[in-house]
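Input: structures, listed below.
Below are two complexes that have subunit A in common, paired first with subunit B and then with subunit C.
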Partner chain A sequence: MLLDYDRLGWLRVALVGFTAAVAAFLLLPVVFIVLLSFGSSRWLAFPPPGWTLKWYQQLLADPTWIDAALTSARIAAMAAILAVVIGLFASFSLVRGEFRGRQVLRGLLLTPMVLPVVVFAIAIYAFFLRIGLAGTTVGFVIAHTILALPFAIIPITAALEGFDKSIEDAAIICGASPLQARLRITLPSIRIGIFSAAIFSFLASWDEVVVAIFMASPTLQTLPVKIWGSLRADLSPVVAAASSLLVGLTLCLMIVTALLRRKLSR
Partner chain B sequence: MTRPFLSIRAVRKTFGAFVAVHDVTIDVPKGEFLTFLGPSGSGKSTTLYAIAGFQDPSSGDVLLEDRSLLSVPSHKRNIGMVFQRYTLFPHLSVAENVAFPLRVRRRPDGEVKRKVADMLALVRLENFADRHPGALSGGQQQRVALARALAYDPPILLMDEPLSALDKKLRQEIQAEIRRIHRETGVTILYVTHDQEEALHLSDRIALFREGRIEQIGTGEDLYLRPASEFVAGFIGNSNFLSAEHLQTADGASTIRLADGSIVTGVKTTTSFGQGQKVRMMVRPEAFRLTPGPTSAALAVEIVDTAFFGDRRRVVARTAGGDEIDVRPTSDAKEADSTAPSGQRIFFDPASAFLFPA
Partner chain C sequence: MQGSSFRRSSVAGLPAGSGSALPALLLVGLFFIVPVVALLLRSVTDPEPGLQNYAALFGSGTYVRVFLNTFLVASVVTAVTILVAFPVAWMLAIMPPALGSIVFGIIILSMWTNLLTRTYAWMVLLQRTGVINRALMGLGIIHEPLPLINNLAGVTIGMVYIMLPFMILPLVGTLRAIDPMTLRAAALCGASPFEAFRRILLPLSLPGIAAGGLMVFVMSLGYFVTPALLGGTSNMMLAEMIAQTVQSLLNWGLGSAAAFVLLVVTMALYAIQLRLVGAKRAGGGI
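Moving on to the complex of A and B:
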C-alpha cells in the first residue's frame, strides 16, 4: 500500500501527534465540563479551587431535573421504536423494491439529516400549533421520529443490502411462508443493523435541542432543553453536572453498542 | 411407458421481448439424476427456478405425479433446493439450520433431533452440529445446505450450480458425496451446471440447453458418442472440427474431401447432404492415432506442440489445410515419436467421425 503505516518512518511521529491534537480538540470541551462539574467554585472558575460533589447532590435533589431526564428518555425511546419500525418497512422497499423513483424516495427519507434543523423546527412547530400538537408528548415524538428516521434507515438498508436474498429464498423453499422467512431468518440476520438503528435514533432524539426548544412547554421539557434554559437563567455548576451525566449516558450507550456488535457479529 | 414422476410441459419464460426459455418439455422418472447443462444464459437456471416456484413460467406447466405445481406457492411445494451461493442461515447453528424445515413443519422434537442427526451423518458433518456457518469452509457449508434440503424427505431436489464457488479438488470431492447421497436416498435430482465434466460425472441423463431450448437430451454417452449437432459435439468433451466438402453418401457412410484435398470414405452420417455441400467433420482427440506410414484415412500433419500430462500426452498438430487439431495418443499404443516435428501422419477411424452442416 502506498501509505503503509510501517513504512512512514519519522512521519509516524507527526501522524501520531496530529491525531492526538485532533482528539484533544474534540474531547477538551467535554473534559472541561466534567472537571467543572466537580469544581467547588460557584462561578465555574478554572482551575477549580477545590473539589466537591454538591452540584450532583443538588441536581439529583431537584425533581425538575429528574423529570426532564425521564421525559428525554421516554421521548427518545418512543422515537427510536417508531423510527426503527418505519425504517424497517422503508428499507425493505428501498432495497428490495423495483419501482420508479426509488432513489428519489431514499433521498427524501434522508433529508431530515441534511436539512437545517432550525428550518425543520420552525416548519413543524407552525404546523403542530395549527393542529394542536405543539407542546405535547405526541408532537415531540413525531418530530423526533422524523429527525431520527435517517439514522434508522442508513444502518438497516446497509444491513439489508449485505444480506443475500437467496438466504430468504432458501428459507421459503424449506417451507417457511414469505412472512415467516422474513421474521425468522431475515430479521435475525440483520439484527446488528436494527440494533445500531435503535441506538442511533435514540441518541438522535436524546441529545436533540433545536426542535425540542420549539416543542417544549413549561410542563414538558427534555434534558437538553432544561440545560439550555438553566444556562440562560443562571450559570450554575449544576448545568455542568447535568451535562456530564448526559455525556456519560451517551458514552455508556456507545460502549454497550460496540460490545454487543462485537458479540453479535461473531 | 409408466407415467412420468415429474413432467415439465412446454414451459416458456419471457422477459419482455426476450425469450429465456422456449417451450421446454422433459419427463423425469422417479429417482433420476438429470442435469441441465449449458452455457450461461441458456435458460437452464430459469427452468429450474420455474420448478422451484421463484419464477412463474409465461406458459406451460410443471406436473409432479400428475398434479400441477404452478398454483402451489414455493413454500408449499415441498421441494429441496441447494443454491449456487451459500445460503445457510447465518444466525443459526448447523444443527438448527438442518432442523429449520422440520421446525416450520411443526414436527415433534424427538423426530427433529433424530432427523438432524441422520442428515448430518449423511453428509458426514456429525461433529459440526454446534458450529455456526461462519466457522465452516465453503464445501462444508454446501454439504450442510444439502442436509437441510433433504431433511424433510422432499420428492425432488433442485441443485443450482452448487459447486461453482468451490475449487476444483473440493468440487470433485463433493461430486463423489453427491453421487453417494443420490444412491443412498434415491431422491430425484435436477442439477444445473455449466461444467460438462461435472455433468458427465454425476448424471443419469443430461439435457443440454442452448439459447432457451434443449439441444439434446440423453445419457452422457449419448451426448458424447452420438452428438445431435455441432453445438453438442463442441460442448461435450474435446472435439476437433475439420472443414470438408461432401461428395456422396451411401448406406449411412459418406465420402468427403478435406481442405488439403485428401479423400476420406466411410464417415458415419445421419443427415443427408447434397453433393459439394460444405460440411464440418468432428473427430474426438482420442480417436486420432499418430502413424509414420501412409494409411487410408490418414492426414499429413505437422506437429506444433506436445505436452505430457502423466496419464496421457496432448499433441497439437496442423493439417496441410491449416486446421489445428488436438490429438490424445493413449500412452499404451506404440506410436510414432510425436516429437518429430514434421512428416507425421495422423490416422483415424472414419466410423468415429461425425459430419455436421457447415
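Moving on to the complex of A and C:
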C-alpha cells in the first residue's frame, strides 16, 4: 500500500505536505534573490522599504560586469563546442569499439567529474604556470573542456547505446559511405543526446568557479570570479541583480530545452 | 551490434574502434593526468625530496582538525540529505505526473541555477539580521538572532540545499523500480504501514540510498565554494585549506600533499560507489 498514492491515507497528507515544504525550501533562495534585486535597501533589508531598478542600472553601467559575462559566454561556448565534438568521437569508440580496456577508458574520461575540482584546479594551475597558459583564454578553454567532457560523453553514449546500429548498416548496404551513413543517419538519430551534451557542457563551464578563481588574471575574469570577488568583499545588491539575470537565463534555458526536446523527439 | 559485419579494420595498428577516442585521450592525458601526477610528485619533492609534507600534515593539530571537520560536515550533510530526500523521492515516484512535474521543475530550476547565486542567497537569508532570524523572532520562537552563518549550521543548510537534487533524482528511479504489489502483499498479510516500511520499502530502496548517499558524501568531502562562503574559520574544510595553502601561503608541497589525501579518499569511495551501482543494475533485472 505504501506505493499506492491513492491508498496512503493520512500518511499521504503528511508526505505531500513534507514534499511541498522541501519544494518551497528549494525555491526559496531563487525567488528571494529575484525579489531582493528590486529592493531599494543597500543593506539588503527584507521586505525592502521600496522598489527600484537602480541595482540593474549600476550593473549594466559597470563595464567589468559586462566584460566578465562576455568572457564567460565566450569561454563556455568554446569549451562546449570542443567537449561535444571530442566527446562525440570518443563516444563512438566507447560504445562501438571492440578493444580491451574500453571500460577503463570510459572511467578515465569520466574521472574529471569525480575528482574534487580543487585538486584539478591547483594541478592545472601549476601546470599552466609552467607552460605559460595561466591567465589566458586558451588555458581557460582547455581546463573547462576537460571538466565539461564527462557531461558531453554521458548523454551522447547513452543516446548512441539506444540507437540501433543496423539502421546505419542498412544505409551502407543501400550505397552510403560509412561517413555519409554516420552524418545523415546516426547523428540525426542521436540529436537529443548531442543537444543535452551541449547544454550540460556549456553550463559546466559557465558555472565553474574553482578553476576560474585560480586561472583568472586581472585582465581576464569570468562571471563567477567576478561574483566571487564581490561576495568576499561585501554583499552588494548589485550581485543580487546579476544573480537574478542568471536565474532568468536558467529559466530561459529550461524552457528552450523542454521545447526543443519535445520538437526533436517527434 | 557488437558482431556487426561492418566492423572497420583497425587504423595504424590501433585496436579496432579505439581511434576516435584519441583526441579525448590526448586531451585528458596531457591536461589532466600529467598535471595531477605532477602535483602529486610535488608533494614529495617540494621543497626537498622526502615525506616531510605528509609529516607536517598529519603531525599538526590544525590540519588534523581540518580533516576531522571535513568528515564531520560531509557526514552531517549526507545524513540530513538522505532524511530529507527520501520522503520527497517516495512521493515523486508515486505522485500523479501533473503534480510531480511541478516538483521536478522546481528541483531542476534550483539545480541549474548558478551555484554562487544560490550560495549568495543563503548568505543573505542566514545573516544575523537576515529574513530567517527576523521571521523566527517575529513569531516569538526565539528572542535573539541565532548564529546561522559562518558555522556548521550554515554549511549544512547550504550544502544540503545543493546536494538534495543529486539524492532525490536517483532515488526516484530506485523507488519506481519497486513493485507496488510487494507492499500490497505485505498489507494483506497484516503488516502495519510502519512494519511494511521497515521490512520491505526501506530494504528494497537501500541500494539506491547507499549509492546516492555515497555520491553526496564524496561530493561534500571535496566541496570548496559553499563551505568557504557559509562556513566559519574554526571549521574550515579540506578543499578550502588546500586552496588557501597554495594561493595565500604559496606552500605548494603541503597543498599538494593535502590534495593527494583528498584524491585517495575520493577515489576509494568512488570505487565503492561504482560497485554499489553496478550491483544495483545487475540486480535490477531480476
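Assume the second predicted complex is superposed on the first by the 263 of 266 C-alpha atoms of A that agree within 3 Å, B and C clash if a C-alpha of one lies under 4 Å from a C-alpha of the other, contacts with A are read in each partner's own complex, and residues count from 1 in each chain.
Note that in this section a residue touches a chain if its C-beta (ideal position, glycine included) is under 8 Å from a C-beta of that chain, and two chains touch if they have at least 3 such contacts.
Keep in mind that what you see is a predicted model, and the values were worked out from it rather than measured.
Student: Contacts for A:Phe92 in the overlay, against subunit B (first) and subunit C (second): which applies, first, second, both or neither?
Tutor: A:Phe92 contacts subunit C only, not subunit B.
Student: Which partner does A:Leu260 contact after superposing on A: first (subunit B), second (subunit C), both, neither?
Tutor: A:Leu260 sits against neither subunit B nor subunit C.
Student: Which partner does A:Ser177 reach: the first (subunit B), the second (subunit C), both, or neither?
Tutor: The answer is first: A:Ser177 touches subunit B but not subunit C.
Student: Is A:Asp169 touching the first partner subunit B, the second partner subunit C, both, or neither of them?
Tutor: Touch partners of A:Asp169: subunit B and subunit C.
Student: Between subunit B and subunit C, pick out the one touching the greater number of residues of subunit A.
Tutor: Answer, by number of touched residues of subunit A: C.
Student: Looking at A:Ile185 after the superposition, I want to know if it touches subunit B, subunit C, both of them or none. Which is it: first, second, both, neither?
Tutor: first
Student: May I ask you to decide whether A:Trp228 touches subunit B, subunit C, both, or neither, giving the answer as first, second, both or neither?
Tutor: Touch partner of A:Trp228: subunit C, not subunit B.
Student: Both subunit B and subunit C touch subunit A; at which residues?
Tutor: 164, 166, 169, 172, 178
Student: Hey, which residues of subunit C end up touching subunit A in the complex?
Tutor: 1-2, 4-8, 15-25, 27-28, 31-36, 38-39, 42, 84, 87-88, 90-96, 102-103, 105-110, 112-125, 127, 129-131, 134, 161, 164-165, 175, 178, 180, 183-184, 186-187, 193, 196-197, 200-201, 218, 221-225, 229, 239, 242-243, 246-247, 252, 255-256, 259, 262-263, 266-267, 270
Student: Tell me, which parts of subunit A touch subunit B in their complex?
Tutor: 164, 166-167, 169-178, 180-181, 184-185, 188-189, 191, 266
Student: Sort out for me which residues of subunit A touch subunit C in the complex.
Tutor: Of all residues in subunit A, those touching subunit C are 1-5, 11, 15-16, 18-19, 22-23, 25-30, 32-33, 36, 43-46, 86-87, 89-90, 92-94, 96-100, 102, 105, 108-109, 111-112, 114-127, 142-143, 145-146, 149, 153, 164-166, 168-169, 172, 178, 203, 206-207, 209-210, 213-214, 224, 227-228, 231, 235, 239-240, 243, 246-247, 250-251, 253-254.
Student: Using the touch rule from the top, collect the residues of subunit B that touch subunit A in their complex.
Tutor: Those in contact with subunit A are residues 52-54, 73-81, 83-91, 100-101, 104-105, 134, 145, 148-149, 152.
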